[in-house]
Each structure stands twice: as C-alpha cells, then as structure tokens.
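Multiple structures follow.
Below are two complexes that have chain A in common, paired first with chain B and then with chain C.
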Partner chain A sequence: MLSFDFDYYKPVTLKEAVQLLETLEQQEKKTMVFSGGTELITLGRIDLSITEAVIDIKDIQECRVMGLNEKNLVLGSALSLTKIEKANLFPLLTKVSSEIADHTARGKITLGGNICAKIFYREAVLPFLLTDSQVIIAGAKGIKVLSIHDIFHEELQLEKGDILLQLETEKSFLGSPFLCIKRRQQWNSGYPLITICALKVGNEIRVAISGFCPFPFRSKVVEEILNNDRLSLEERINTVIEVLPGPILNDVEGSSKYRVFVLKNLLREIMMSLKVEV
Partner chain B sequence: MKTHTIVLNVNREIHMVTVRSADTLLYVLRSKLGLTGAKPGCLNGDCGACTVNVDGWPMKSCLMLAVEAVGKKITTIEGLKDTPIQQAFVENFAFQCGYCTPGFIMNCHSLIEQHPDADDEKIREWLESNICRCTGYEEIKNAIKSVLNKD
Partner chain C sequence: MKVIGKSVIRKEAFDKVNGRALYTNDYHSVSMLSAKLVISPYGHARIISIEYKDALNMPGVRAILTGAHLPLTGESLRDRPPLAYDKVRYHGEAIAMVVADTPSQAKNAADRITIQYELLPVVNSPTEAFQPGTILVHPKLGDYVKEQDMNPVPGTNIASHVKIRKGNIEEGWKESETTVEASFSFAPSDHVAMETRCSIAEISPDGNVHIMTSSQAPFMVKQLIAAYFHEDLGKIIVTTPLVGGAYGGKASVQLELLAYLASKAVGGKPVKILNTREEDILTSPCHIGLDAKIKFGADQNGMLKAAEIQYLWDGGAYSDKAADMTRAAAADCTGPYHIDNVWCDSYCMYTNHPYAAPFRGFSHSELSFAIERTLNLLAEKLKIDPLELRRQNAILPGNTTPTQVLLNKSSVGNLPKCIDRLKELIQWEEGQVVEVSDRTIRAKGISCSWKTSTIEANAPSGVILTFNRDGSINLMSGVIEIGTGTKTVLAQILAERLKMDVDKIHVRMEVDTQTTPEHWKTVASRGTFMAGKALLEAAEDVIKQIKEVASPVLRAEKNDLEVANSRVFLKDNPSIGVDFKDIVYGYQFPNGNSIGGQIIGRGNYILRRISRMNPETGEGRPGPEWTVGAYGVEVEFDKIDYTYRLLRAVSVIDIGTVLNEKAAKGQVMGAMSIGLAFAGRETFYFDEFGRVLNPQLRTYRPLRYGENPEYLVDFVLTPQLDAPYGARGVGEHGLLGMPGALGNALSTAAGVSLHHLPLTPELIWRTKGGEENAFL
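Here is the complex of A and B:
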C-alpha cells in the first residue's frame, strides 16, 4: 500500500494512451507510464518515488508484441521478463533476463520497466546495446524509430509525452555467440556486483557492462582495445581499465577496487571463452 | 480516478470492492476480503511470503496493485483444498514457524502446474523467489519432488 494517492488509467489503444499522457502533462500532473509497476510500488513505499497519475500500458497491443518479421525481432515494452524467457527468441536476452530479481518477480517486471528503471542496473538494456537495436517510441508527434545509441545514454532519454513501445533487433544477431556473467556479492538472486555481456560478431568482441558505474554502458573505445591484436591479453585488459567511464561504484555491494579486480577477471574469462584471438 | 469500485475473482468467488489506486493486492486481500493467508513480509517483493497465484502463475501480491488484478483469476492459499503439495509439506516437515509457508505453497503449486517435469535446476530457479528464515529449503525441495515423482 502506498501512502500517496494517484489517478490510475488503463488505456487499451496507443492513441488513447498518448492523448491521455499529453492531457495529463498539460494539466501539469506528474504522470508515470507503468507496465510492471514494481518500481513505483517498491520505491513509492519508502517515499523515493511519487506520482499523481499512472498510465498502465500493459493492455496496449503494440506494447505486448513479441515476434519475428522479415528482418527483425520485435519485443513490446510491456512484455514480462518471464514471457521473454519462455519464448527464448533472443538467447542473450533470455540469459540476462533470467538473472534479474527472481522468477516470481520477473513475472511482473517488464522489459520496458527494467530499461527505464530508476534503479541504475537496467541490465535488460545490455543485449540491445550490443546488437545496435532500434527503439520504437510513441509520442504526440507520432512514432519515432531511433538507434539505441542515439537515445540511451546512461538511461533512456525519453522526452515529455513519449512512451517506449518496442525494441527491434536484427535477426542476424540472434544466433551470435555470447557470454553473460553476473557476479553478485553473495547468493544467487539480487543486485549484481557486476554484470557483463559479450557478443562475438565475426572475429570481433563487443561488451556491455552494468553494475560497474552507476549506469549501464557499452564503450567503443573499450572494444577497440579488446580487439587490438597487437596487444597481449593482459595488456588489453590493463588498458581497458584505464579508459572505462566513471565514477566506479563504491558501495555496499563492493568497493571500487574490488570491482576493478572482478572486472579484470571477467574480461579475461570472456576473452578466453569466446576465443578472441590474442 | 483515485478510488475505484472493482470486481475481483478470488478463489472462484466474485467480490466487489472499493479500493484506492495505490492499494496493493496484498492489502486488499487481507484488509478488505479477510483473506489473511497471504502474509506481509518485506512488502518489497523480496521475501515471497505474500505469493498468490494469478492466472496460473505465482505473483507477489505486494508487487501488484489491486486495480491491476481486474479480469484475472486470483487464487490464495485459502483457495487450495487438499492439493498434493499441501499434503507433501506435512509429510516432509517442510515448515517450522510457518510464516513463509503459504507463499511457498502457492509458488510450489504453480511450479507443479506449469512444469510437471521440473528438474532440479527449475526447482532451484523457482524457489529463489521465496525466503524461509528457518531455512527449511531442503525439506521444501523434497516436498516438491515427492509430488512430481508421484505424478
């Protein structure tokens, strides 16, 4: 139970949702687009999140799409993580998703909710960063299709009135070799110390990381170093540590020094497992 | 609207109830419908003590607003009658203090329904959703396995 009141709307069409969001924003009502809603409920309980209106998008058909078309895999933002895991159309996403929270909670947590979360791990975005996916957004001016690299900088940069609708990933990436490792301080469920995902495309490796900085990221500079065959494996790993974005997290899950130690080992494991030439 | 009069289908009975948008399903089940089997624990989606079954799947009722449950079939521990998993919990001593038991049983019941061929890995994955402070995990796992083996 939350201690504050809000208006709750559950539109069934996208048009209705967009108009509703526009109207509520014109009325200067603090409005939250809600699909799984777990973050509003958990953070709202301790007064870290508050809203005056909620637009629940999970009955909107476009937000529940899951399937392959000629070129892409299309996933709706309101799909629960367990639905995505069960269908297993994107094995890398299945693996990342299956490590988020716990099985029952993943029946409520949605793809869009995790990507747009205030809690900064946002691990579900990692596979989409690695596959140069497209983000489909609905707003008052219509539908926008944007490269994830243009709209995801630490977090999804939605404009006022925007609703995250879908993510589109080229089918050609779905079968690429990958490795995803989530290291926790302890136990098998909960927040990560570091989550790292790697994808091998041709002979090159791509990596995306959550839990190292207070935001998930993929870095071209890091990848150039990891794929530089003039350097030894240890030289690559040591150089990567020098160019990582900051700040490095230093919290109850682990100190920044420990995170660097763990990341070095993870990079070594990934390079060896995916057989990157060194 | 900040309050709603909604219809909830709980344990195959239809209830009309007036709720705030901000009321969780757990709160409404316990405080408005008198169904106190789902237990408040962490209220944060971590412990699983409040687990119920929604359309055949486990759901932490502290993570769901009551207004989201309209049109869904909700089953609480009160709605389970003489199921194999309830008997198996007794036979395997799968509880000590009992506070987490309704949540565990609802999760285990859903697991058996959804995955009658569940292997150890599947059982481990599902059981991670609930916490038993008396650490009765081994006995709970044995209870699930005894039902799966019978089937």
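Here is the complex of A and C:
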C-alpha cells in the first residue's frame, strides 16, 4: 500500500514525455520516470521512496526497441528483464539479468529501472560497462549519445529533464567469451555478496563488479593489473585488492573482510576459466 | 473399507488452489475501520514524550491510543503492556495505535506522531543478560503477577528458571572416562508464515466482543481477553477462518488485544489491524534464540554417564511463551539418549530483542543443534562412529527421561530402528566424506531427536457430529486448519471408524468459539491425537444412538447390529437394515409414527496423568508420549570458498501409524525445509542499539524452491497404544534434526567445529580463522 497520492502520466510519444517532464519540473513537482514501478511500490510502502508525479514510459516506442542494426545492438530502457532474457541477443546480459531478483519480479523490472535503481547493485549495467556501450538519452535539448564511461559513475548521472532511452552495444562484443558469477550470502537467492562479470576481448580481460562497494564499477587500474603478464596470478590478485575503490560494503550480506576473501576467489576463478595467460 | 493411510485430498484443497479460500484479511465490511501502529525504532529506550495532536486532526482519524492506563499482559507472567508505556524494550515494539477510516489514513496519521526517546544501554544476548550486575530489562520483575509454574528471579534478567536434577551427577562424572564440553549460540529469527497476522474486533451494543483472527489459539484469545480486560467469557466470540501458515507464531496472543482496544476506543465499531511483513517480523513475536553450554561424560565403551547442560533462552523483551519453551527444553534436555545422571538449568532470559513465540518444535530443534553437535565431538574424541554412538545410547522402553518418567513400548517410539533405516537411506557405509573433484567433496551429517508435548495438563479437545438428512455427517472440531491437513485426517479417522465414504463427511473449517467445541490450541503436534480421541468418542456415541433407534425398527438386539456404509444392519444378514438417511433424523413407520430424532454425536478428550514438574528436581510427567526420529543431511562442499549445496536430507520418524501418507510426508518435508532454512540462512542481525537490520524479505530469506535438497522421508511404525489408530504426533518432527545434521555435515566437510547458526559460508570462513588472516 502506498499511502501518498501522486499524479500519473502515461505519454505515448517521446516528445510528449520530455515536455511533460519539463513542465512538471518547472512546477517543482517531485517527478519519477518509471516503467515497471517495482521500486516505487516496494520502497514507497516503507517510506523510502516518495513522489508527487510519475511519468510511465512503457508506451513510448523508442523505449521498447530491441534489435540489431548494422553495427549495434539496441535495447530500450523500458524492456523487461525477462523479455531481454528470452530474446537472448546479448548472452552476457542474459546471464546477469537472469539472476536479478526472481522471475516474477523480472517480468516487471526493466533494463532502465535496474540501471537507474536506488537499490545500489544495479547489476544490469555491468555488461554495458564491459562493452564500452553508448547511452542514449532524451532531454529538452534533444537526443544525446554518450559513452557509458562518461555518464555512469556509481550511478547514471542524468541531468534534470533527462530520460534514459536506450543502450547501444557494438555487435562485435556480443560473441566475446565471458563469465559472470553471482555469489550470495547463501545459496541461490538474495542480493549479491559480489557479482562479478568478466569479458575477454582478444587476450585482455575486463571485469566489472557489483556488491563489493555500494555501487557497481569497472576499473581501468584493476584491469591493467589483471592483464599484467609480469606478475603471477596471486600477485595480480593481491595487488588488485589494494587498488579497489571503497568503501567496501560491510552489512548483513557479509563483512568487508569476507567480501575480500570472496572477491579473491572469484578473480582466481575468472582468470582460470577465461584462460587468461599468467 | 480402508481410509486410514490413504492420501485423501485435503477438504480445503479446491478452494485453496482456486484462490477462493478466505483468510482473516479477506473479510471486509463497509463500516470497518483500520488500525495502524507506531513502533519503536530502538531496542531499549525511555519514552520522553509522545506528541500526537497533529495526527489526531488528520482526515479520517477516529482515535489514537497510547500505553497509559492499560493492564499488563502475558500468558504466564504479566510483564507486557499491550502498548509500550514509559519504556520500549525491543525494536518494533508497539507504542501508539491510530484508528482511522482507511488503512492509508491510519498510516498517514501514524507517520505524523512524534516520539522522543532517551536511549538506554541494550541487553543484546542472553549471555549478556545473565551477567551479574548487568542492565535489567524488567527492574520490577518481582511485582508482576505470575502463574504457578513460573520461577522468576527478581533483581536479574531471569524470567524463569527450570531445573533438572536426575541421578547423582558427581557419580556420573566419576564413571566418565571421556568428557566433552562445548558452547553454542544463535540469534532469534522469524517464522515467516505466508499470511501476516491479522485481527478484527467489534464490540456490539449488547456487549458481545467479536474477534476474527489468524490464530492457532482462538480459545486462548477468548480466555485472555476475559482475564486481562474483565469481559464476560461467554460474551467473547472468536472466529478463525483458514490460517495461512503459523509454525507456532500464531499461538501467541497479541494483535487480538490491540484490535479489541482499538474497537473499544471507537465505541465498538469494527476495527481491523493487519501486520505489514516488517511488523510481522519485528513487532509480533519471533523465533527464540539460544546460548547453550553442554558437557557430556561417557565411559570407555562410549556409554553416556553424565550430562550437565545450561540453556540460556533468548526470550526477548517479554516472557510470554518463552517461559514454556524453557520448561519444554528442560524436560527433553538431553536429546533422545539414556543418561542416568543429568543436571540441567534452563533459563528464560530477558533481552532487548523481539520477544519469542513458539516455533515449530517448541525449543527442540534449537537444543538439538547443541546436543547433536556435542555428541559428534564426543564421538570424535572416543573414536566411535557417530551413528553407532547414538545407537548404543538411544532411549529405550525401560529407560527414564530427564524428568524421571519411566518409558514403555507405547510411550516412546523405536529410535534404534529409525537409526538403522537412516543408515540405509543416507548410505552411511559409503563414508562420511566422498571426494567429488579437486575442490569439492560430499559430506554427511546425522542427528536424532525426540519430543514430547508439554502442553497444559488439563488441555481439552471436543468434537460434535451432526447429520444431514441425506445421511452425511458434519464434523466440528476446534482444531484450526493452519495448513497441516489435520481436519482432513479427522474425516479419515471418522470414515474409518464408521466404515463409510470419506466424501460423505463434511468438515467445518472455520472455528468459532461460541459453537465449536474447544480444542485447547492447535499446537505441539497434538491435533490428531487429542481431537482424534474426542472424535472416536463422538463416533461411538453416534453408533450407540443409531443402534438404539434401529433396534426396535429392525426388531433385533443392539449387539446384533452393525454400522457400515452409511447403514445400520444385522451382522448376520446385511440385507436387513436401514440407511442413515432414514434413521438419523428419526425413523418414520409407514403409518407416520416416528421414533428417535436428530442424532448428535459428542466426544471429548482431556490429557491424562500429566503432572507439573518438581521445581527442585524437575521430576514429573510433562507429556503423554515421545516421538523419536533420526536424520541425515548430505552436502556438496567447496573446499576453497566454503560454499555448499544441499544434496539430500533424510528424516526417519516413528509416527506409530500413517493416517494419510502424502499429508504425513508433506508435513515432514515442509518441516525439514523450515529446519534447513533456519540452520543455513535465517537469522536476525542486530546492531548495537538492538535493532534488527533485516526485517524484510529482501534480506531475511527463507528457503526458495530450487535451493532445497532431495527429501527422503520414511516412517517407522511403533503404535502408541492409546492414540487413534496408534498414530504419534508428526507435525513438527521433520524440523528437529535438521540444524544438528547440517551442522555435523559441514563440520565434517570443513574440518572445523561449527558452533553457531546460521551455517553460512562466512561462518565457516570465520571459524577456519579467515578473519584473523584477512587484511584490509
């Protein structure tokens, strides 16, 4: 039960949505752009989320795109995770997505919703960080196309009036070898203790991590160390631990020290499984 | 006709699978108001002020209640204000209650109430609570009204102390060549029933108090409301529809009192109070925690000679049912083993944690974890196979229990037989550890359990049978259908006794305390035993009445008559008889003359020869019979990262007779699943303010489908002679051995002794010294 009232809009064109957002913001109404609504429902009922207006973007065609063009895979922000999994155009994303929440919830949770979530795991962003994807954003001044590395720092840095439209990933990455492991406090359900995704591009390994810090990240420094062939595997792993961003999460899922132990094991597993030369 | 043992489909199954079954919160009415609680954000604090003027002026608000001037409540000890007054003693404790026209109006007003607190130091574990000179949760413990068998120690945090002194403990230690001593602990957790608790109250102008509630104990609700608030017992009518899972958590009486107070505050209008999941976890009573110390002594042959046991139960802020669990734990303190010299101190401790409700197994799965882990340590020290150690010390007819009850073939099941069957099912001969690959192994752990039901010595159960004009029967019993299928099993017992079609027996699912005969509480695996006994008496009553009417009609002696297939007939010539439909509403002769009349069967049962425990020695008979069981769990364990998968879980339980095979197996599997979740994942995480950090299903996670192992359930059949068709209680027993067996499997797999729950990979890592070796 949400005990607060809010205005609900469901525009059918992008133009309408952008204008609506601008107007509502001019009126200083706290506005939320959503599609599935899972976070508003689940956090709103315990007073952790509140809004005065909602713009539901699930009828906007551009937000529902899913397909390949000449160069890229394009995924709309309002696609549900189950829809993306079923189409399986991006196996790494399918794998990450399929372990988020549960199947029922994933029928509602959208790609954009997970990436822009308040709950900080935002695991769906990991494949896009690994593939240097482009983020397509609609705003009052038109469409912007930005590298994910320029706009995603801990979370998606949307400006006032911006709506996340699509994510574009170069086709050449879609077939690259990958490994994605979600380690939980216990067994197969629950938030990640650590989710790590790795992609092998040529001989280089790329990794992106969620659940270790209160935000997902991909770190160039970490990758340089992992790919440094002058170091042994253990040296690489031990050095990586020293350069990781902070703070390391210390919560009911696991202590920080234990997370370090888990991460070291995962790195070892990834390096060995993807046969990175050491 | 054989109905006993058949997997008859539950009488309420079609309603349930079609989503048509109604639970308390499904009942609405236009005039119904809603209540909403304001709960404490801290574990222990003084309430400086409660400001609710603004809230009172919010739209739809009818009343706001606080704890001033309310009587103290509590089942065995009156230590709990229905709404906190002066102090809060646990995170989630109800402080104020808003009554408004709609749920959201009530919530909005509740959000507007501001409370100022002064934080107090927190008692964050039963061991802390036990330290001399520590903070007192109840400084006025000595002033509280108490029941006879409560032993509170004023000036301490001990709400009740139960002692067992059996044999000569010094002699026991002298005879012991080998001793082991170990400590165990785990925090409180939750029941997580699918249906959160809900109560509705209405006080009609004639003074009748109507309560509808999701409860295992509607008759207790009635008694307690009468006792606490001085209402006439007969004017309180409690109704319970189907209950969506309870696991003991709905045996405590809490929301009903609040609903009653809320209705009273608004002139008797109907008021509903429904827990959110967070309130159900925090505010309503939880699953008890424990700190235990166990010491066992054995002679050179591995025969147990002495046991010294200390249980510090984490009863939380209020004693309520925790005091009874403390006693039940003392009565069965050693586990199902014969030991001549036993010394046990079981303490119900106050802490600043949510207070405890019964939890399926009533303290037995908890104490079993400590006992069964210690036995494995003993086996290791003695270099005896842990299964063999259990078998040779298994409790047998002729042995005595810790409370000195002399057991016989009827009062205790056959544990050695359970152990032998377990040995086969878990493939014990294969070895406790099997290598799977470089990094993974399979490991097995085992455990045993026993349990008697330490319910009130005079607990009653009654049954009424009425007939329909087609000869079918209506069965009314005060047992609550909490998901166990007990009412279907009762129909089977009746069908068996009357040798009739079970489909012609209609079971009333709802209970209302005005017209349904009382069944004490639907707890402690006692539904089938007690209601079954009452039912058999009612069946005899019906048979007797039918024969009385049929005797002149058939012109035959009553002794020459037989009842079967919804008919009464001559034993030696079945073709001469009368159908039920022609006799159960009186028999009419061809000329219109009638005899007999409506047949109403009645039966009742009261437990016999149950006695209170001696306060100094514990001597006494706490329950009618002991169900025993043997358990095994097999895991696949990763030696590098300490993660594991549950592969197989086995329960072999002596249930006397199988009344409904699938229902019995379902009960055992369901209980095993709860036990594994409790052992492997479920716990409250507390911070230094006594706050529960995971009061949501996001972070408090029961077992999900797919995480479960393969379940293997088998039964041993040693009849309990005085039970309906020999059946023993089985509702709880699948749970009891799971924590111990999983703990033993993982301790074997990891090569370290595990002493805490839940058994997470992080716990194993920490026990292996991971923390000390870690760097950050």
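Note that in this section the second predicted complex is superposed on the first by the 277 of 278 C-alpha atoms of A that agree within 3 Å, B and C clash if a C-alpha of one lies under 4 Å from a C-alpha of the other, contacts with A are read in each partner's own complex, and residues count from 1 in each chain.
Here is the rule we use: a contact is a pair of C-beta atoms (placed from the backbone, for glycine too) under 8 Å apart; a residue touches a chain by one contact, two chains touch by 3 or more.
The model shown is predicted, which means the values in this text are computed figures rather than measured ones.
When the two complexes are overlaid on their common chain A, residue A:Arg183 makes contact with chain C while staying clear of chain B. By the touch criterion defined above, A:Gln26 reaches neither chain B nor chain C. In the superposed pair of complexes, A:Val260 makes contact with chain C only, with no contact to chain B. Applying the stated contact rule after C-alpha superposition, one finds that A:Thr104 touches chain B and leaves chain C untouched. By the touch criterion defined above, A:Phe6 lies against chain B but remains apart from chain C after alignment on the C-alpha atoms of chain A. By the touch criterion stated above, A:Thr38 is placed in contact with chain B alone, chain C being left untouched.
Residues 1-4, 45, 102, 188-189 of chain A are contacted both by chain B in one complex and by chain C in the other. Of all residues in chain B, only 1-2, 4, 20-24, 27, 43-45, 48, 51, 57-60, 62-65, 67-68, 107, 124-126, 128-130 touch chain A in the complex they form. Every residue of chain C that touches chain A in the complex is listed here, in rising order: 103-104, 107-108, 111, 276, 278, 640-641, 643, 645-646, 680-681, 685, 693-694, 696, 698-699, 701, 703-704, 706-707, 758, 760-762, 765-766, 770-771, 774-776. On the chain A side of its complex with chain B, the touching residues are 1-8, 10, 37-38, 41-42, 44-45, 54, 56, 82, 98, 101-105, 107-108, 188-189. Touching chain C in their complex are the following residues of chain A: 1-4, 45-47, 102, 183, 185-191, 248, 251-258, 260-262, 265.
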